[in-house]
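Below, each structure is written out as structure tokens.
One chain, chain A, links the two complexes that follow: it is found with chain B in the first and with chain C in the second.
For the complex of A and B:
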């Protein structure tokens, strides 16, 4: 029985690896579709991101003459980082083989690696927009990163571990307790999620105004398969962030260690949570306007403050 | 008569407008312009024409509160020079440069003689609007070089934007000198859609010209077609039937409503409030569809022709427009409430892209953008031609001159246009007299038409030769005056706010590139 357990776990890990990469664009499509509905538009359907990917993969890539190899490899590195991040987050079961690698600090590092490469690649070509985008991305992310770490620390304090599976297991399966500190952390996490995924109010993923762009300005020079990988990576990143949010703040329903019978329920619970989270994200974006870029630091400072408050409350109340 | 000067004898041009014309020596130009400027007047247009063997003519249209005057100065054929007017009217700078590119008449002592419309498409020695220029000949390209003004200092760098943009908009080049995100200087380089419209007019009949005039700037097709028709009618000394005039006003107000709806949507979109964009564009689409149903064209092209209109409206049509006005009134009020109360949107709009009233007056900011900076000029009010003289137009003005002010003026004008449409419908009589279209213009004529389009005053001037053919037609877009002001509006704002500021002006590239 023991060795079957391990086989099951490996199989399941592989399944998660494949499922996240296949279904991440669906979540993006769902968010976009919800936004279209909220704008009284019929929308392009939840499958639109797949059509875009197919279109991009069937095109020939155009690369600037002065592009260095860095520019070419960056899409693969970014895609790899995001895939890895999305695959190790415990979303259905906590005791998967890769999960032990899912240390929250390492996770922040994985996101940082992708960001460094994409910013370097943006500056590699030497266009004004690429550098402008990279500069703004750095402004946003160097403020978002500490806030994200603070959110993770709050959760780590409760479970005395920085391992995501342990955190999730503690929050989901030990006796049901309301943690006021996590409420603050959740708010901070939402703000970081918006900033890090280039969503409104910090950035606008659907803009065509090159001077206002942050993330989009960095990838203006990419085309075809490279752009497809970056778009796909963006979907994976959004998926990863939303699943981290679910893991930290709504883990209930996830299968316990060794409880393979709990899997079907866990899958249904996850789907439901993803649908709700996507819709909530759409609602939040639809009612917001984009901030003037120099308000972004205030926005992220607020996130940091909330995360620190969460931590303080944990110390004060012990919860 | 708006201007008095001992060397100037004015003759009234048309009954439709308080417009006069008179010939003047180039040497007196400076003094008269200064006099108009001191009296609070503005430069509306400046262009040249080829009147050889007599020489070249420079035409300058000035307006003040009492009317407008077209000054004609004869320049020698050998050395066509005239005194620089850009020190009195800064807006003259680009018009003078364009006049040189196209006709080779030169503003002496000017401080800026860079090419403007020419780019590299033809050589500096050839001038397309001269009569001896062969429009059919293929032109040798010249390598493009345009010396932008450099800003120097530590940390200052340039960001070139366009002419190809990430979205589907008209082409224009913007050269930002920035430090961090702050804009120290913006310099525009336009002329990428120069199509030789003015040259094309020369080989057209008066009715063909109406079609071309309606395509100078597609979003203002009604304003251009009306201004052209008014100019042709003033040459021919014809007054169109009153039903045609009411009809023209109806079309013009519908064009204004459609464009303001579109712009208000765009302003929402540019601050990422896609909800506002979708709602306003649903309304705009409704107006365009009604246009297609009632008049056969979504943007109302070719509905106004010299002598009358080609559109008609029956009782059912009136009913559709009345219903549409009621619907728009209700919907736009709701949307205005949302815009007004949306903190994020107002934060982006307020004090962004400010043009102080004083600066606006100095630079001659006109039209909608001018009214948002306390420049109370509206041709429908000051120079109310029929039928606006019976309509009691209420001008929308605001003082702050920021993006928010330009949005407020748009809302104000939108509601006023809806009211005007209802008034016009009440006055629109049903006799359907066949319009007496103008087929031929009298020889050696000159006429001017000016209409307040949604963007500002649109002017068209027509000259005819000894056979009564069009020899020179000059369509003038208010964007000529307003583009340079945009360069000032963005100074000290930040780069990511430029698209929003630009959109709040929403100037025409095609209209100024000609």
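For the complex of A and C:
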């Protein structure tokens, strides 16, 4: 029985690996479609990201004369990191053997690897926009990353573990109370999610205006399959962040270890949560305005302070 | 040779002698610079390797003791090699192996006379550092400490005909000696007034000190060793001396010499002083946090690549001090497993920092040789001219930025785990301090990534900012081997954390009497407490990332064509872009300067919009220099001029002083 347990867990891990990569663009499409509805447009449909990917993959890649190998491997590294990150977050069941190899601190590290590589690639060609984008990306992240880490720390303190399956298991099956520390952490996490995924109010994913772009400025030089991989990685990143949010703050309904019968319910619960989270993100983006770039650090410093406050509250109240 | 009759300490003793002989040989052979480069430096590297191996050997062996027939009449030189010394010998040997190999190629362009002298000083420096780690009495320790300080001073001032370098060297010498005096006083306190024989470390271990006097000893040690390590506010010499020294010397100083100060703090706190107090830990923790954030903040605004690395060293020393502070706190409150975890993180990070900082410093040497430029604002695009250096430096940059699966991440991970496990300390104030400290560490680590993207991006990526860079040449063979070794060490230390932690267990077991033991994990999973709590496996991690990347690239290749066209970069409709429009080091650091503006003393000259030849000048200085150092300097000058009132140069006045003193003494005594 033990043996089968492990086998199932490995199979389940592989299944999640495939599922996230296939369905991540759908979530992006859903968020965009919700935004279109809110703006009274008919929208391009939830499948639009797939069409964009297909178009990009069939084009010829155009690369600047002086691009170094670093520039060409970066899309693969970024895609690989994001794929892995999305695959180790318990979303349906907590049996994920690979999450043994990378806990929440390593998860933050995976995001950092992708970010550092894409920033370096942005500086590689040597255009003014690339280095500007890289600088701004690092500016946003140097406050967002510790805030994310502090959010994870709060959850880890509650569950006495830094392993995602254990954290989710503890939070999902604890008595149904609202942790005050987690409330602060949730607010901080929401702000980090917006900043790290290049959403309004920190960045705007649909802008190409010189003065405002961050993420788009970094990837200006990419085209065709490289761009496709980066876009796909962005979808995966959004998916990963939203599922982290679900796993930490709304884990109820997830199937516990070995409970294969609970899977259908868990899948339905997850779909419902994702649909709601995507719609909520769209609403949030529609009602907020983009910040000036130098207000962004204040926004993120607030997130950081809230996260630290959450951790302090955990120490004070023990909850 | 019968291996049973030889102890690691004897082998290390021979290796030290070998280094001195090599140094002297270098001086003798100064007319044959090629011989020095191609024979003496590689031999020195071999000695380093043997030293590291003996250090490894000493980890598992019983402490070896030796008394030399040298030294003071009642205080002969005592040597001792225990696991703590052994660990730092591994660090010294491992880092200097790469640096010496690099040096074999790097010093090629140096004139014979200077090279011979440098070779002597270089090897005396290495020997001095080894003896610091071996010394088992205060006198031996101070002699070795001063040998290390003086030889490194002469190494810093290798280019002594440049006034700025002489100035930097003087500052270094001054702070080194203020620190040395403090260390001497610390030993004086610890021997407890029991005569000259009590100056051996063994006597100090058994001395009964009151809380007051052991606190005094700890504070003196923290100040004295802190001055050497670059702890705030004694950090001022680092950003001056490191850029002044030749790059392999900077690498040795930053990678290894700073760690001897960490060794000193550990030795005094946990070995020589029998008991510790909790507030020592809080003090070290607070000072470490300040140093870390301060260092990384200043690193972000530097334009000189070696100054940037020097500030980054200050940051890392801060992290090490945080680890030491945590160890003290846990140790005092009897949380032995946690103390072992914090100590392991500290030692691990020392080793990691020795490797990646040495790699980056020698790398800046390669760039300096290829381009003659230290200012990052005049570099750029070197990845295309120096692919080898760029590739090896990338490893160092990713490691120091704390990215998995390299070594910087492992020690950061261990340190954060130590923080996460801290609740439950009986002192609620410290419990409150811990989350704040963890947040500051996380902030410093994230800023370090910012700094390293800037460092690598501005130097190696983009377009060359100057014409001369078109002719930059890549590194030579020796340089590549040296850098390759250090990069390899970064990778291996990152991928095999369980093995390293098991070795470090021997050190913590001997130093604080506890270790992580079997909790450290099986062969691939690092689990410092238990598997439910936390685990990390860099090997699986790397394999998974590589597998996913490989799968992606195969799928992309097979499903879609791999056609690539080259063209000019997209200019956004403005074709007159040139290399000067890229972010310079100054530009990249601008957001940090703006956010942390109150901490810098900023001087800026902005040209008027109508200037036809606009020149921009900006400088961010350290306020501490103006608040702390200059007042002390003025005070010293004032006191000196007051004292000079007594001096007239006339002999009869001096005779009168002597006479009056004699009378006063006769009357009162």
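Here, the second predicted complex is superposed on the first by the 318 of 319 C-alpha atoms of A that agree within 3 Å, B and C clash if a C-alpha of one lies under 4 Å from a C-alpha of the other, contacts with A are read in each partner's own complex, and residues count from 1 in each chain.
Definition applied: a residue touches a chain if its C-beta (ideal position, glycine included) is under 8 Å from a C-beta of that chain, and two chains touch if they have at least 3 such contacts.
These figures come from a predicted structure and were not determined experimentally.
J.: Between chain B and chain C, positioned on chain A by superposition, is the outcome a clash or a fit?
T.: Chain B/chain C on chain A - steric clash.
J.: Would you mind checking which one, chain B or chain C, touches more residues on chain A?
T.: C
J.: Scan A:116 for contacts with chain B and chain C and give back first, second, both or neither.
T.: Once the two structures are laid over each other on A, A:116 reaches chain C alone.
J.: Identify the partner contact of A:128: answer first if only chain B is touched, second if only chain C is, both if each is, neither if none is.
T.: Both chain B and chain C are touched by A:128.
J.: For A:47, using the defined touch cut-off, is the partner it touches chain B, chain C, both, or neither? Pick first, second, both or neither.
T.: So A:47 meets neither chain B nor chain C here.
J.: For A:18, using the defined touch cut-off, is the partner it touches chain B, chain C, both, or neither? Pick first, second, both or neither.
T.: neither
J.: Touch check for A:220: first (chain B), second (chain C), both, or neither?
T.: A:220: touches chain B and chain C.
J.: Would you sort A:271 into first (chain B), second (chain C), both or neither based on which partner it touches?
T.: neither
J.: Once chain A of both complexes is superposed, is A:35 in touch with chain B (first), chain C (second), both, or neither?
T.: first
J.: Contact-wise, after the overlay, does A:294 reach chain B, chain C, both or neither (first, second, both, neither)?
T.: Both partners, chain B and chain C.
J.: For A:103, decide between first (touching chain B), second (touching chain C), both and neither.
T.: Touch status of A:103: second partner only.
J.: Chain B clashes with which stretch of chain C: 75-83, 561-569, 615-623 or 651-659?
T.: 615-623
J.: Counting contacts the way the document defines them, which residues of chain A are shared by the two interfaces, the one with chain B and the one with chain C?
T.: 128-129, 132, 210, 220, 294
J.: Which of the residues in chain A come into contact with chain C in the complex?
T.: 57-58, 60-68, 70, 76-77, 79-81, 83-84, 98, 100-103, 105-106, 109-110, 112-113, 115-116, 119-120, 123-132, 134-136, 138-139, 141-143, 145-146, 149-150, 153, 156-157, 160-163, 166, 210, 220-221, 225, 229, 294, 297, 304, 307-308, 311-312, 314-316
J.: State the interface residues of chain B toward chain A in the complex, per the touch definition above.
T.: Answer in residue numbers: 158-161, 165-168, 181, 268, 270-275, 277-279, 282, 342, 344-345, 347-348, 494-500.
J.: Residues of chain A touching chain B in their complex?
T.: 35, 38-41, 128-129, 132, 200-201, 204, 206-213, 220, 286-295
J.: For chain C, which residues count as touching chain A in their complex?
T.: Touching chain A: residues 380-381, 383-384, 390, 394, 398, 401-404, 409, 413, 416-417, 419-420, 423, 431-432, 434-436, 438-439, 442-443, 445-447, 449-450, 452-454, 456-458, 461-463, 525, 531-537, 540-541, 544-546, 548-549, 552-553, 556, 559-561, 563-572, 577, 579, 581-583, 587-588, 590-592, 594-595 of chain C.
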